[in-house]
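First subunit A sits with subunit B, and in the next complex the same chain sits with subunit C.
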Partner chain A sequence: MREFSDEELERYSRHIILEDIGIEGQEKIAQAKVLIIGAGGLGSPVALYLAAAGIGEIGIVDGDVVDLSNLQRQVIHSTKDIGVAKVQSAKEKMEAINPNIHITVYQKFLDASNILDIVKQYDFVIDGTDNFAAKFLINDACVLANIPYSHGGILRFGGQTMSIRPHESACYACVFDAPPPTNAVPTCSSAGILGAVAGMLGTIQATEALKYITGAGEPLFNKLLSFDAKSMQFRTINFKKNPKCRVCGEQGITQIKDYEAVTCEAKL
Partner chain B sequence: MKVLINGETKEFQDNINLLELLKVEDVAQPDMVSVQLNDTFVTKDDYSSIVLKEGDTINFLYFMGGGA
Partner chain C sequence: MSYYAIPPLVHEDLKVFAKNHEDFLAGKLDALTFKTMRVPFGVYEQREPDTYMVRIKLGGGIITPKQLLSLAELAKKYAHENLHITTRGGVQLHYVHIEDIVEIIYTLHSISLSGRGGGGNTVRNIMADPLAGTACDEVFDVSPYALALTSKMLDQKDSFALPRKFKITFSGSDEDRGYATIHDVGFIAKIQDGKKGFKLFCAGGMGAKSNPSVLLRDFIPEEEVFLYSQAIKQVFDAHGNRKNKHAARLRFLMNEVGLDAFNEMLEAELVKVRARDDWRMQTQEIERKEGDNSVTPFSIPQEIQQWWNRFVYAQKQVGLYGCKVPVHLGDIFYEHARQLANALLPFGEDVLRFCGDQNLYIRNLTAPQMASLYELLQNFSKEVSKPTLFGDMVACTGAATCQLGICRPRGAVDAIQKRLDALLQTRDYDALQGFKIHLSGCPNSCGKHLIADLGFFGKVQRKDGYPYPAYNVVAGTKTDAQETVFAKKCGDVAAFHVPAFVQEVLDTWLLHVRNFASFSDWIDAGGDAIIKQISTKFVEIPTIKEDKNPYFDYDALELFSLKGRGAGECSAGMYDLIEADKKGLKEALEEKEKNFSLIRLLAARMLLVTRGEDARDEVGVLQLFKKHFVDTTILNAYFGKLLEGEADERSLELADEVMKLYDSMDNTLKFAREKELALQNAQADAVQSKIHFKDLSGVACPMNFVKTKMELAKIASGEVLEILLDDGAPIDNVPKSVSSEGHSVQEPVKEGKLWRVRIVKK
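Coming up: the complex of A and B.
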């Protein structure tokens, strides 16, 4: 176990006094390794809160640079960061919040050739990506590598999230099977997103990571939480692992492959 | 016939199948929804052959692909 300094004991005091976390929980947080895929609308709040919480090792993946149109919701980046790699911009802010943690940046996009090697090094993964090809790729990789993760998706005024413990709880493909046909998909640039909605969902994902790591409460396993911010209605749908699931079922996948990419920039 | 759709009880004509239900319920893009019937996910190919019964519970789970 790790000895906390006086500075850390003070910094994390509001966690430590929580009955469900305590000093043991904070030690688990300090020893945890979390990978955040995407430093955008969802990844920004996740990265800020996990850094502040004191996750000992955080990996952050994104191949993009900060663009002016990102700043309406990607709250980890500032106006002065336009043109800077998102992972660098994110790392700077996270280190400014908490110098006690270690951050590894991956300035790239993940695909079938690199995802497994990266995902394997972590205890928990956050899906903060913006397209179905990446979301299904992350699900495949986490199922194959047996790494729990949080799925997140947002659209306009809505969001949804589920947490996945591979082979024990339902995976993303148990619920959604495969990416929808490309002509049916509204992309973020064509569909829009209320910036604060990204924050709502991202903070739920950060909370799920911290719950999983500390064992506090019950993560959203076998549950899809969805909300509509216009009516501010939240709904939880329960389900079970599908034994015939294309990915995690009895005849599930044994290899990683790329899905057809429809990015936010795709013309639709 | 009463069925529970997305947590709301609604009245439908007897013998309606899932494909017809999607139309009546104004699901504009059936490709963008995953359908759960009484805790089981239904494959798209089966929509027209599955006839609803009184008391069925149906959830439409929409694909949401954004995040950045």
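Coming up: the complex of A and C.
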């Protein structure tokens, strides 16, 4: 049993008071290791909330630097950070919120050559990326390494998310199989995004991570949650694991490979 | 300065105590909670309900005439007219009313006296050689150290919540009149390379597992007295046994871990104490005046010559004298205290000491001054006009008031004194100057029998089924820095015969006293065998039909019995009783013609004392045996059947079974089977019996709930957590919240302004 200091007890008091979390839950949070892939529109709220929650070990991956056009939605970065590596900018904000946690930064983009080694070190992964190639790569890596993760995607006024426990619940490929053909869907640069929508979905992903870690409630396993912020309609679609899934099915993947990247000029 | 300083901490504590006292009187605080507050202030309830006593610290037994005067006033105004000198050289006021205690304590503080740490598991009154500062053989005066250490210890919060009591003393020379070699911490003055300091003794004591101290350091410089005392206390605080109060004193820790490990712990604590800026102890010399040699030599008046020879001694300061005043059982009538205080006032501050032998010592007087006190001192006790032997007798209160007591040693002392008093014309008891007779009512050493020339401790004997009070005899102690030896066993005597036995031992010793340097030398040279031989004449008593008197203890109105005595606490007396029945049983089993009825009776009775029971007739014995050994399933039901009706050959099986049971008994009087049962029960309630505690007073919502959850997280399901909560929002919310999470919350109990809430973890 970990003995929390008075400072920690006070800091996390609103968690501890929750019957479903309590001391035991907070201890799990303190012992958890979470990897956030992408320090952009989704990664910003996720990183802020998970740092505040006291996740003991947070890894954050992004190869980019902060750009003026990011600041409309990537709330972890400030105007003074323009030109600074996103992971560095994020780390500073997270440490300012909570000095009790440890943060590892990976200033790089993930590909088939490095993703497995990084993902393996964590208990839970957050997909905060902005393109299909990365999302499928993350799904492949998490399935191979058997690490649960939260998928998230946003566009214009809408967003979608699901949580995946590899080999037990439906994976991203069970639902979407493979990336759409190039140019079949609008990319962010051509479609735009309401900044606050990124916050909505990111906080849902952070919540999913905390639910999984503490065992409170039921994560969005086998469920795809999507919403339209214009009508504020939320809906949940139930899925099942596909036994013939290209990635996690009986004949699933055994090796990791890169998907063809659809580069996006403006990152989410 | 002849008194210790009361640190601000104690004044602060008193303010809190006064508030609690007010609440208690107003019925807002329950008696039990109040008890936990008053005991550390030295306020105890007496055996009579609603009567209290206040125990007051006198560091080194040092008391000024002014203080004595105030104490006499307090005794008159609030107490039972007597001041009582304690066995640690402190003082007690008896029969005080609970309403008055705060006023009494304020008055005490105004004369720089405190009861803080007088009782409970605290640093007890710090003692010193009663002759400190005056003895010809002393290395230097240890009084200032006793005073300074008293002040320092009062100023440490950890002095008041130790695993058990913690006793410190100082001796000025290797004669060890302060008993440094049988204390938790004992200092004996020593000068090394021209520097003052002490030999440090540690972890000694009497009582269960009596042990002389270990010489911990051959020399520590004087300024390290507090450093070592505090560090040893911290070792005790951190590692002492808090679970079993019968094995809690420091000597048990020393025995358990050994000297090397103890020293390691001590070194670690020394480092911590040295890190504080206050570890060096400052002392203030007590001012000494020189004796007055200018007057013509003083010739001692004829009529006080005998008293002078017995009790007055010449101090190391030429022309000054000290004197011991025997006080009967330590009680001083307030009027006598007042007279003495007034008589001593003109002579200075350092003229008086109280001592752990419950006597008082006068000092620093010129011969004429001393002689002028003669009349007044006659009031203090009849022992003042007797040889020292009389005043040096020590007895604990015994079974008259103590739950553990087997015998009544105070009555025995009176009987011994009466018998010897009648012999004063024919015996030269002055030749036995300093001879010490000590009696304890049980094997616990409250009567200090282990440091007596002739000592007694209570036991039970039986004749024809009737128990009678008796004593183990011990003899020949030696206390000094070279070697402390406790008095050793030299036979048993019936309580009834103790006076006659003492008379004969003294008569025998009077024949030898001129040939030996000390009584203990005589014991070592064969005196022990002689005493054993004498004791055999005094152990047997007539049957109850011939004479009932030996079956009554002194001052007792009922036939002697062990019923109701604390079983398992005073076990040494029990063993004698068991052995007696065992011997009888063995003899009965060896007879050709077996007396089944006797065998069954002895077998059933043999172990009853281990349950604190004592039955006189067969029916009672068999009933109690069934209750304690069959109904509890220690023995199976088959044995229950053969207790019924006439005894037959199956009694042999019972005898066999009881013998086996006895073999499986450990030294806490528990049987193997009983321990199995206890273990089974324990596994069932182990978790339940464990109570954890967290004081959350002063912690606001919701942090009190958060901290409650933290404490609950640390314990296992079924275990109990007690918390203290503030009144108002905390008590309104926290129990509800805890309860809503599924834990079982018992009805909160008000304790002063706080609430105690007991939670059983789900």
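The criterion applied here is as follows: the second predicted complex is superposed on the first by the 264 of 268 C-alpha atoms of A that agree within 3 Å, B and C clash if a C-alpha of one lies under 4 Å from a C-alpha of the other, contacts with A are read in each partner's own complex, and residues count from 1 in each chain.
Here is the rule we go by: a contact is a pair of C-beta atoms (placed from the backbone, for glycine too) under 8 Å apart; a residue touches a chain by one contact, two chains touch by 3 or more.
Since we're looking at a predicted model, the values are computed, not measured.
Which holds for A:F4: it touches subunit B only (first), subunit C only (second), both, or neither?
A:F4 contacts subunit C only, not subunit B.
Answer with first, second, both or neither: which of subunit B and subunit C does A:P99 touch in the superposed model?
Neither subunit B nor subunit C is touched by A:P99.
Applying the touch criterion given at the start, work out whether A:G41 contacts subunit B, subunit C, both or neither, answering first, second, both or neither.
Only subunit B is touched by A:G41; subunit C is not.
Examine A:C174 and indicate which partner it touches, taking first as subunit B and second as subunit C; both and neither are also allowed.
After superposition on chain A, A:C174 lies in contact with subunit B alone.
Please indicate which partner A:E19 is in contact with in the superposed arrangement: first for subunit B, second for subunit C, both, or neither.
Second partner only, subunit C.
Which holds for A:D127: it touches subunit B only (first), subunit C only (second), both, or neither?
Once the two structures are laid over each other on A, A:D127 reaches subunit B alone.
Residues of subunit A touched by subunit B versus by subunit C: which partner has the larger set?
Larger number of subunit A residues touched: B.
Considering the complex alone, what residue numbers of subunit A touch subunit B?
Touching subunit B from subunit A are residues 38, 40-43, 70, 74, 127-132, 135, 152-155, 158-160, 174-177, 180-181, 184-185, 187-188, 191, 193, 198, 224, 226, 235, 237-240, 242, 262, 264.
Can you list the residues on subunit B that touch subunit A in the complex?
These residues of subunit B touch subunit A: 6-7, 29, 31-32, 34, 36, 39, 41, 43, 59, 61-68.
Quick one: which bits of subunit C touch subunit A in the complex? Just the residue numbers, please.
702-703, 705-707, 709-710, 712-714, 737, 740-741
Provide the residue numbers of subunit A that touch subunit C in the complex, in ascending order.
So the residues of subunit A in touch with subunit C come to 1, 3-4, 9-10, 13, 16-17, 19, 22-24, 27.
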